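Both complexes shown next keep subunit A, but they swap its partner, so subunit B is in the first and subunit C is in the second.
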Partner chain A sequence: MKNFTFIVWLCIAVTASCIKISAATEEWSVDGQQMIYQVAADGKGGCVLIRSETNSVFSILWVDKKGAEIYEAVVSNASIISCSNKQLVYSDNLNDSEIVQVDSKGGTTKISKPDEEAYGSYLGNMMPSTVMSDKKGFFAVKMDVLISRQQLVRFSNK
Partner chain B sequence: MKTTFTFLILFLLTGFLSINVESATEEWSYDCGSNMVYQVYTDGKGGAAMIYGFAQTNLTLVWFDKKGDTIYQAGISNIMATGITGCTSKDLIYSDSDPDSGTHVFHVNSKGEMKIIPADPDTFNTTMAMMPSYCNKSDDKKGFFISFTNTNTLNTSFVRYRNK
Partner chain C sequence: MKKLYKKTLVAALISLSVLFVFAATEKWRYTAPMIFVQVVADGNGGCSAAGLDTNGLANIFWFDNKGDIKYSSAPNPGFISGIIQSCSKKQLVYMSMIPMPLLVQVNQKRDEKPVVSLGGFLYGRPLPAMIANTSVFTDNKGFFVINVNTNAKTTAVVRYTYK
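So, the complex of A and B:
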């Protein structure tokens, strides 16, 4: 009888330890304006997004893992080349075709050469790749259909 | 005297450590001629595979190691067959198609040896990604790839940058 009880409790314990709490939890959100075009998770809970307003003014926004703004700039035909929690690199055509490197304090350095225009790749610009998740969570776009506005929402996995 | 010397060294060391090198550094580059870079897929170790050309057909695929040396080079008949779909420092996977030979998936090892993934009779292999889901990855932990086009000659170079 003791052995049987022990085995039953063992089974319950093993089953309980296998249960996964899968419900995601909303952590924060940022304004996606009228449309979000590209999202790149930084791998540490933050991300960069490219968005546009109703007047077709595009901007790039880099937020940290708490949703706080690190960097924002008006851009044109931009695409994200690289993003970590320490730096952002993106291509932009607002003035000339240029590559902008941004540090974690929001300081910018333009990567340029005399008489040369700088680009990412053609497909990277035309069909930019998007990374919507990291180890601890993911991003989703919330659309408000009544006012036609978007939000980028950060969820933790649990 | 010894104390002064120690403080001096400590001062210099502290100053050196606090320097924040922010700008990217060019490591190597590849001349693409008067073409544009279509697709980049980094291997995660400093190398990358890249497709360049002038139009969507008759392109060139080049796989570079982290020093910019060519591991493998091949013609690409049609970028619409999704191009590069996988790249590490050890393997390259890409897809291509042309009217004569059909669509194939290719595997290349780190020695540059290419093998067409065999297909059963009356079938052909293709990659999962189809338009507009091109794989495009331009960075790794230590750096990234961009291209420059000379405004006078229209010559394009594919450039590897280290983050610092």
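So, the complex of A and C:
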């Protein structure tokens, strides 16, 4: 019993020391489901991510600088084209090949041409480009070992 | 004859001015016996670079705008291409594999600090994005390239300004 108590206290001490020497501060996190595929910072502390569930259903999630949801949708072969705190643009192939423009209230405008397929960036859904930081902080993918799921974590630089 | 002379002179001057305007200028280079696979500009003329050494280990360098090394990491096993997460003139964040996936934050004083999140481990970029082009080659005043010397079997990170 003494040994167990000692180990628990040792774990707490090590964790506390890690937290103390760590400069970056965790601010919030969002569920990345089974796997996160693409992340784009909006430059103001928020971001958009594309993730997939264990049944291979993909979704796009746009969150503000506090981690609160602005927009979420089920997507297929999607690729983030641009993201700011005012607007999100992505390509999607769920219903038709189209470009989706989302405003800060979650309203969508879809752009598609009957004789064209809109890919956004070529191979963007297979080899996605990412923007992981802004002036005040950065994002990191975390594998939560307790639940075997991923999270996207927001850190401030200080 | 005079007119022809004038025209020739004007043409020569224009050619020279065009050369002057469009010539990129090499500012500095860092050469090493390793393969540089990722360069991330800091936005102010400096950059960080990840290179794979002859032992297959990844080395991270952080350069200021004059090409001086501000920081170099210990060799890292388990190299993947998207090892540098972000770089500014004030901060570098990269993924270390010692002893397990761990994000490292480096400040201007070269202090290395772990980025910690309880209950799991952090590996920065999404895994599918690790194989994508994760480099940032340009800033407002110039660009970086990775040059390969096929005779010496070295690669170099080279800084050019646009003018």
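In the analysis below, the second predicted complex is superposed on the first by the 132 of 158 C-alpha atoms of A that agree within 3 Å, B and C clash if a C-alpha of one lies under 4 Å from a C-alpha of the other, contacts with A are read in each partner's own complex, and residues count from 1 in each chain.
Here is the rule we go by: a residue touches a chain if its C-beta (ideal position, glycine included) is under 8 Å from a C-beta of that chain, and two chains touch if they have at least 3 such contacts.
This structure is a prediction, so every number in the text was calculated from the model and none was measured.
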- Query: So, A:Val153: does it touch subunit B (first), subunit C (second), both, or neither?
  - Reply: second
- Classify the contacts of A:Ile36 with the two partner chains as first (subunit B alone), second (subunit C alone), both, or neither. second
- Query: Can A:Leu94 be said to touch subunit B (first), subunit C (second), both, or neither?
  - Reply: neither
- Query: Touching A:Ser129 in the superposition: subunit B (first), subunit C (second), both, neither?
  - Reply: both
- Query: Does the superposition put A:Gly107 against subunit B (first), subunit C (second), both, or neither?
  - Reply: first
- Message: With both complexes overlaid on chain A, does A:Ala73 touch subunit B (first), subunit C (second), both or neither?
- Response: neither
- Both subunit B and subunit C touch subunit A; at which residues? 127-129
- Complex interface listing, subunit A residues touching subunit C: 15, 18-19, 21-24, 26, 29, 35-39, 49, 126-130, 132-133, 135, 138, 140-146, 151, 153, 155, 157
- Seen from subunit B, its contact residues with subunit A in the complex are 20, 22-24, 36-40, 50, 79, 83, 132-139, 141, 144-152, 161, 163
- Residues of subunit A touching subunit B in the complex: 81-84, 86-87, 89, 91, 97, 99, 101, 103, 107, 109, 111, 113, 115-124, 127-129
- Message: Taking the touch rule as given, give the residues of subunit C at its contact with subunit A in the complex, in rising order.
- Response: 82, 85-86, 88, 91, 93, 101, 103, 105, 107, 111, 113-129, 131-134
